[in-house]
Amino acid sequence: MRLARVIGTVVMTQKLASLTGQRFLLVQPVTTEGKTNGEPFVAMDTVSAGRGELVSIVEKREGAKAFGNTDLPSDGTIVAIIDEIRSVK
Amino acid sequence: MRLARVIGTVVMTQKLASLTGQRFLLVQPVTTEGKTNGEPFVAMDTVSAGRGELVSIVEKREGAKAFGNTDLPSDGTIVAIIDEIRSVK
Amino acid sequence: MRLARVIGTVVMTQKLASLTGQRFLLVQPVTTEGKTNGEPFVAMDTVSAGRGELVSIVEKREGAKAFGNTDLPSDGTIVAIIDEIRSVK
Amino acid sequence: MRLARVIGTVVMTQKLASLTGQRFLLVQPVTTEGKTNGEPFVAMDTVSAGRGELVSIVEKREGAKAFGNTDLPSDGTIVAIIDEIRSVK
Amino acid sequence: MRLARVIGTVVMTQKLASLTGQRFLLVQPVTTEGKTNGEPFVAMDTVSAGRGELVSIVEKREGAKAFGNTDLPSDGTIVAIIDEIRSVK
């Protein structure tokens, strides 16, 4: 899973029927130290993540699994809000 | 999902039978600020996107899901036209 | 789909049984301007592409879909020969 | 499979129901010489890997396979602890 | 498929049950000219590849297909030994 911070919302009126009713957030991938890690992308939300929260994102096909709806084309899904990372060196 | 701008169309006469009747567009991946983000690639269209429009693209296997046809080999599908991105810092 | 140019053929005598009878080509990924875009790789052919032709390649799992044979392990399949790309800025 | 070293644990209280009861570790991808190789990410554990251990990680869809639960959205799963790598030049 | 050279073997005693009995090799991705192309990784072997041999590797989900065992989590499988690459410019 990839770490990311929620940085915005995305409005898409004209879209594939199966995407209706889903919530789309703009997320910025970050490192464990909180630095930006690649370009922001659009992810579906399953945990009502709020703006600024650190989230865990499942990518590609597994992202759709989160919905239990195999016809839903999601390739990036927010599956958890991260409370704490305990690093050890 | 990846952000991209429609920059052209692609003509392919000799192709796999299951691809017949599909519309193929050349898309340029972009960042949320509109800068180019990697090389253009060929994507299938499901929302009648027009030239110059900002679209949301589902990649890999999930791209084929958009058609509900699991024998259709698409690894990049335009699933929505983006109206607005509301960024928060 | 990824754009590539056919630059050679690959001979593999000792291989997985399900790959028998398939045609393998060496392809060089290219940009829409025809510049090299990454390292050449081995792709299966479904459209009898010839040397030097510009082709459209479906990657990963979707590559196997092109054969309708879900036991065939292909992660890069040539699905079309490109006649023309009409770019708009 | 990708080589990585276990460098921490991740606490996620608010998460997708199917992830309940799973153990999440922070892993640092490494080269065969032990150098860091990209950014750390979050992986599910199946072999009770300990902190500091060198592990083998299966990515993307195959990561979920490790659980035999196809509704579990894992895109990075620790499937083995590496005892030894015998390199030959 | 990705070209790689077999550079070693990997010993993993504590591992997922479905991986028991499989042979794991350390492979170095190479270009068609034989130069190193990215970091070495661990691949499952299906063709009894020997050390130093040039092999063709199927990645991601398709790697597991090679075994006809859909519960086997392999994301990199050696499916052929390459005899010859005939390049044309």
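First chain written, first letter: the chains are A, B, C, D and E, and each begins at residue 1.
Going forward, contacts are C-beta pairs under 8 Å (C-beta built on N, C-alpha and C of every residue); 3 or more make two chains touch, one makes a residue touch a chain.
Because the structure is a prediction, the values reported are computed rather than measured.
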* Asked: By label order, what chains touch subunit A and subunit E together?
  -> D
* Where subunit A and subunit D are represented by their mean Cα positions, the distance between them in whole Å -> 20
* To do: For subunit C and subunit D, let me know how many angstrom lie between their CA-based centres, rounded off.
  => 32
* Structure fact -> Check: subunit D positions touching at least 2 other chains come out as 60-61, 63
* **Successive chains along the ring, subunit D then subunit E then the rest** => D, E, C, B, A
* Structure fact -> Seen from subunit D, its contact residues with subunit A in the complex are 7-16, 18-19, 24, 26, 39-43, 51-52, 60-61, 63-64, 70-76
* Structure fact -> Seen from subunit D, its contact residues with subunit E in the complex are 1-3, 31-32, 37, 46-47, 56, 58-63, 65-66, 68, 77, 79-89
